[in-house]
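Below, chain A partners chain B and then partners chain C, in two separate complexes.
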Partner chain A sequence: MENLGVFFALAGAVCSALMSGIGSAIGVGKAGQAAAGVVTDDPSKFSKVLILQLLPGTQGIYGLLIAFITLTQIGVMGGSSDISFAKGLLYFAACMPMAWVGLFSAVQQANAAISSISLVNKKPDQFGKSMIFPAMVETYAILALLVSILSIFGIASLNI
Partner chain B sequence: MSVLPMKRVLIVGLKKDRKRILEFLQHEGVIQVEAQNSDDDVFKRQDRSQASAQFRKNADIADSALEILGRHAPEKSGLLDSLNGRKELSREQYETKVLSRDDILRKAQEIVSLDKEYEDSRQEIPKIESRIVALRPWASYDLPLDFEGTKSAAVFTGSLPGGTTLDQAEAMLKEYAPDVDDCEINLISQEPEQTCVFLIVGRDHEEEVREALRKMNFAKPPLESADPVQAGKDLEARREELEKNLTSIDGKIKEYEGDREDLKFLSDYFSLRADKYDVISGLEQSGTVFIVRGWVEKRYSDALEKSLTNKFDCVYEADDPDEKDDPPVALKNNGFVNPVESVVESYSLPNKTEFDPSSLVALFYYFLFGMMLSDAGYGIIMVVACGLLLLKKKHMEPGMRKTMKMFFYCGISTTFWGFMFGSFFGDAVQVIATTFFGRDDITLKPLWFAQLDDPMRMLAFCFLVGIIHLFIGLGALAYNDIRNHQYLDAFYDVVLWYMFVGGCILYLLTLPMMASMLEMNPLSHTVGQIGKWLAIIGFIGVVLTGGRESKNWGKRILKGLYSAYGITSWLSDILSYSRLLALGLATGVIAQVFNKMGSMVATGTGVVGVIAFILIFIIGHILNLGINALGAYVHTNRLEYVEFFGKFYSGGGEKFTPFAQNTKYFKVKEEI
Partner chain C sequence: MADNGYIYAVARIRSQELHLLNAQFLESLVSSGSEEAALKMLAEKGWGSEGQNAEEILTGEEQKIWDLIGELVKDLSVFDVFRYENDYHNLKAAIKEACTAGTHPGIYMKGGTIDPSLLETAMAERSFEDIPQEMRAPAEEAMDVLLKTRDGQLCDCIIDRAALTEIRKAGKASKSDLLGLYGELVCATGDIKTAVRGSRTGKDKSFLLEALAPCSTLDVTRLAEAASDSSEALNAYIAATSYSDALDELKKSLSAFECWCDNLLIEKIRPQLHNSFGLDPLAAFILARRMEIKSVRIILTGLRNDMPGNVIRERVRETYV
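After this line comes the complex of A and B, so read on.
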């Protein structure tokens, strides 16, 4: 039983990388299909639609970041891995915002990115604005990232 | 920092000078011509759209010839050649090339028709190949496939469904045509997909057999008049001929390689002429004179007047725009600010009541970008790469040059913040020192503090940056109101809000909970009281004035309350700056991940380890730089567009697009 702490903490870390990664993979994939369609028509728009395609990719990176910070904190990357059961659960909880918000925001951001890609296809001069719509969705991923980071750092100093 | 003042101009010239005046204006590229859309009895427009369409068509021919040439004889170009900009052409070179334009056009047409031939041949080959394949099962049959028999015997040649054996075929024939006794079935070939056979039958039973075969799903062979062997040979010969043809056309197209520059010139030349004829279509003209109306930047107006009136007999009039006019917008800024003009432009150019926000945008753009990327190593890479390109490629197009400059300054800021937070390719200094030199005491000390060690402090700093950014945005609104002499608006919309928001912030900072979260000492009680009263006065002011466009006081107060509710948007705006922390951490942590991976491989594996480390280091950091620079770019834009512009800027100005030499490949230098 005493080892369950590190198990839950690791499960949290893995979930955040896993779910955000899934979200981003779906997102970038969907946006990539739309982007490829635009490039068939007009190869000169490649760099613009590439940027839009990559926008839903950040959630995966945020997930990786949370996973990495958690792994360092719980000693899986070296150091002591003596985590109490309660702490393990806390780490698990701390990883959840990034895991879930990462998954769903990446998919939704991809939908916005696809619309923006078709916007850029019709009006290439509106690229600046088109970038903002998907970026709006990302705000929530960033907020989740923030809560996860602050929680993880906070847990380290808790005495339980 | 300014929107360039414009003048409305009117040029009246003699019709005999029309071509030269327009060419002169196009070359100068300082006037935006306004197309007129009404005729009267004296002045009429000439529709030259047909001529212009013809020129565009010619330009398209040149472009497609270039594209074809590029396919057959690719132009040798380096990765960075696209930064070279357009080639310069002197006036004499231009004139000589113009003389040979018909020649070049003919060449372009030849290339296009050669390509059509090439495509036809290329598309025929697969068709022939499939016919060859279809003939293969019939190879052992030595009659023509369409041979139908002699006077007394009918011959059926064809295939039965796959898997039918000769015995089965005979049995089926017996079943469907029991009376036929003089039929002979011969097998030509048997394959999984089909069984090829031929039948000989007396003319008497021809119809019965035909009917029986129909029931057996008998299919006719591919129709070739010669016997299958001969037909196969003919098709092979045809294919070879086509392939030879392809090589020879390819060779012919390659011979035009030397004309590439001429073709580029042709494309430019015709698009210039098409532009000119588009302009002519919108001009008012009488029998002897024509009128050009449009906009000129004020600073060029006098010079343009002088050179025009010196060269031609014409009248030039320039007036300042009046209230009703909506002049097109061009921005002019110093070298530090002008790189972000494109950022402003892609949001929207300032409308006529607004000032050019570029300087404010520039300052924060570099600052915020640097905070988000915040790694000295990456910053140095950006500075060096952009700096070298700016130095080496002197003739870069202005737009590209500005972008390069923007990333150059962003790089400087990134380097600055990188050293402030002690990040140089993540924790590369420490990792390399520990892994390879066994010295874990060497680290790059942050000049200020490391974001990872103290995220709360960083978060507080991000909010501070946000509050300053937003307050400056609000200040810009006041500046704009004052410029337009709307002093009361400045007070209502800005000063009251400063009091309201500022008071709230001050008051919050006196609360112990808030202060402990931000790791600072709570402000004193007096400050809290001041803050509280400022906020209350601000709130009452906003409620009273927020809905001031309504005359009805009840409505006005309700609207005022709604506008005071806008304080919640301030909260979310300020929180939005937490992305500075999140993205800053993302860069640092991912960099650390790659360093860690490298060091894990490198520990205790000698030279191989070092090489692996270097590989992981280079690939990993390039990836990280790419993805995080993209993130920093997108989110800096977002903070500027949504949070900052949301406070004061609406835009809506129309871009100044002068009638100029908008060419793709060359620009003509002219000595005037």
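After this line comes the complex of A and C, so read on.
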């Protein structure tokens, strides 16, 4: 039972990187298909569609960040890994916002990015506006990132 | 297939949509004054190559649609709903050729799901088991009717009914809203055309019931009753259906009604311009290209025959973009 604390904390870190990474991989892959379709007929639009393709990739980075902070806090990357069971569960819970929101927001952001790629394809001068639509989805990934970061740092100061 | 399967294809189609002809360009073609001038304008848009006549250019454009779609979609059978029309036309031609002396080159259409030579051989040898199952019964019945009665019209009606039934069935089976709608529209408008022709030529109810294909938006029994009764009864029935807007066009002529049907289809597929996922934008593009080719054919034919501009304009279909 003593080691379960660190186990749950580690599981939370892994879930954060894993689920956000899966979401980003799906999202970037889908947007990449649309981008390739555009570039096939008009290679001059490469740079514009590349930016839109990369937008769903940020969730994977956020997930990695949360995983890294958690690993540092629980001593897996050095220092003491003496984590109580309750604290381990709290770390696990703290990682969940980034894990779940990262997964779903990346997929939904990809759908918005694909539609924006269609927009840029037909009206390249509307690139600025087309960026806004998928970027709006990013808001929720950032909110989840903030909640996870604040929670993880908050747990460290708890005496349980 | 899941929506994700067509992301690349839809992006390619979005690029191709930029090259579709718009209403303004079609108006310029009508105003060009001669077929030569119109062909020159089309050549600037990449239609055809030097030395090709109008029909070769249009056939080439039709082939381009399927070349592109074949490049984008691995399994073309999802678009069989668009190709059955040619199959059944070829079946009709094969039956008539088998029942008359000699061969008639140029009566078969390309772009179907079945090789026309297979239909030709099967009908010539009366080997109905060599053709797809859905075609066997109508082919056998139509050939029997043609051999016994020499009634080419009834033969056509039997095959047309089978074609409409198959198109509607394929549309429903596709699980695509747009293809389902296409199948239903083709079937219903085909039935209305048959009923109007039947009414004008005084066909009885039993003939019309044989000729009309069942569909969801029309009650074919009531349509047959109304058509066999009088043109007023037929108009009254159509006025009570979702095709009531077509009544004015029907009163003008059947070609005006056909134009209305095509414009309705374009109106129904237009929302696909803003859809980035799934099969429907591809289906809409195929229909849009076919419709613009039809419009160009109408314009070129009109110009060739020195038809007045306003007469040509009446027949030109609406454009997708």
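Following the convention adopted for this analysis, the second predicted complex is superposed on the first by the 160 of 160 C-alpha atoms of A that agree within 3 Å, B and C clash if a C-alpha of one lies under 4 Å from a C-alpha of the other, contacts with A are read in each partner's own complex, and residues count from 1 in each chain.
We take it that a residue touches a chain if its C-beta (ideal position, glycine included) is under 8 Å from a C-beta of that chain, and two chains touch if they have at least 3 such contacts.
Here the structure is a predicted model, which means the values were calculated and not measured.
Trainee: For A:L143, is the partner it touches chain B (first), chain C (second), both, or none of the two (neither)?
Mentor: First partner only.
Trainee: For A:I117, select first, second, both or neither according to whether it touches chain B, chain C, the two together, or no partner.
Mentor: second
Trainee: Given the touch rule stated above, what does A:A86 touch, chain B (first), chain C (second), both, or neither?
Mentor: It touches nothing on chain B or chain C.
Trainee: With the two structures laid over each other on chain A, which partner does A:A156 touch: chain B (first), chain C (second), both, or neither?
Mentor: neither
Trainee: A:I61 in the overlay: touching chain B, chain C, both, or neither? Say first, second, both or neither.
Mentor: The answer is first: A:I61 touches chain B but not chain C.
Trainee: Would you mind checking which one, chain B or chain C, touches more residues on chain A?
Mentor: B
Trainee: Show me the residue ranges of chain B that touch chain A in the complex, using the header's touch definition.
Mentor: Against chain A, the touching part of chain B is residues 343, 345-347, 455-456, 459, 575-576, 578-579, 581-583, 585-586, 589-590, 592-593, 596, 627, 630-631, 634-635, 637-638, 641-642.
Trainee: Which chain C residues qualify as touching chain A in the complex?
Mentor: 4, 7-12, 14-18, 276-277
Trainee: Where on chain A does chain B make contact in their complex?
Mentor: Chain A residues touching chain B: 51, 54-55, 57-58, 61-62, 64-65, 68-69, 77, 125-129, 131-132, 135-136, 138-139, 142-143, 145-146, 149-150, 153.
Trainee: Where on chain A is chain C touching in the complex?
Mentor: Answer in residue numbers: 30, 33-38, 40-42, 111, 114-115, 117-118, 121-122.
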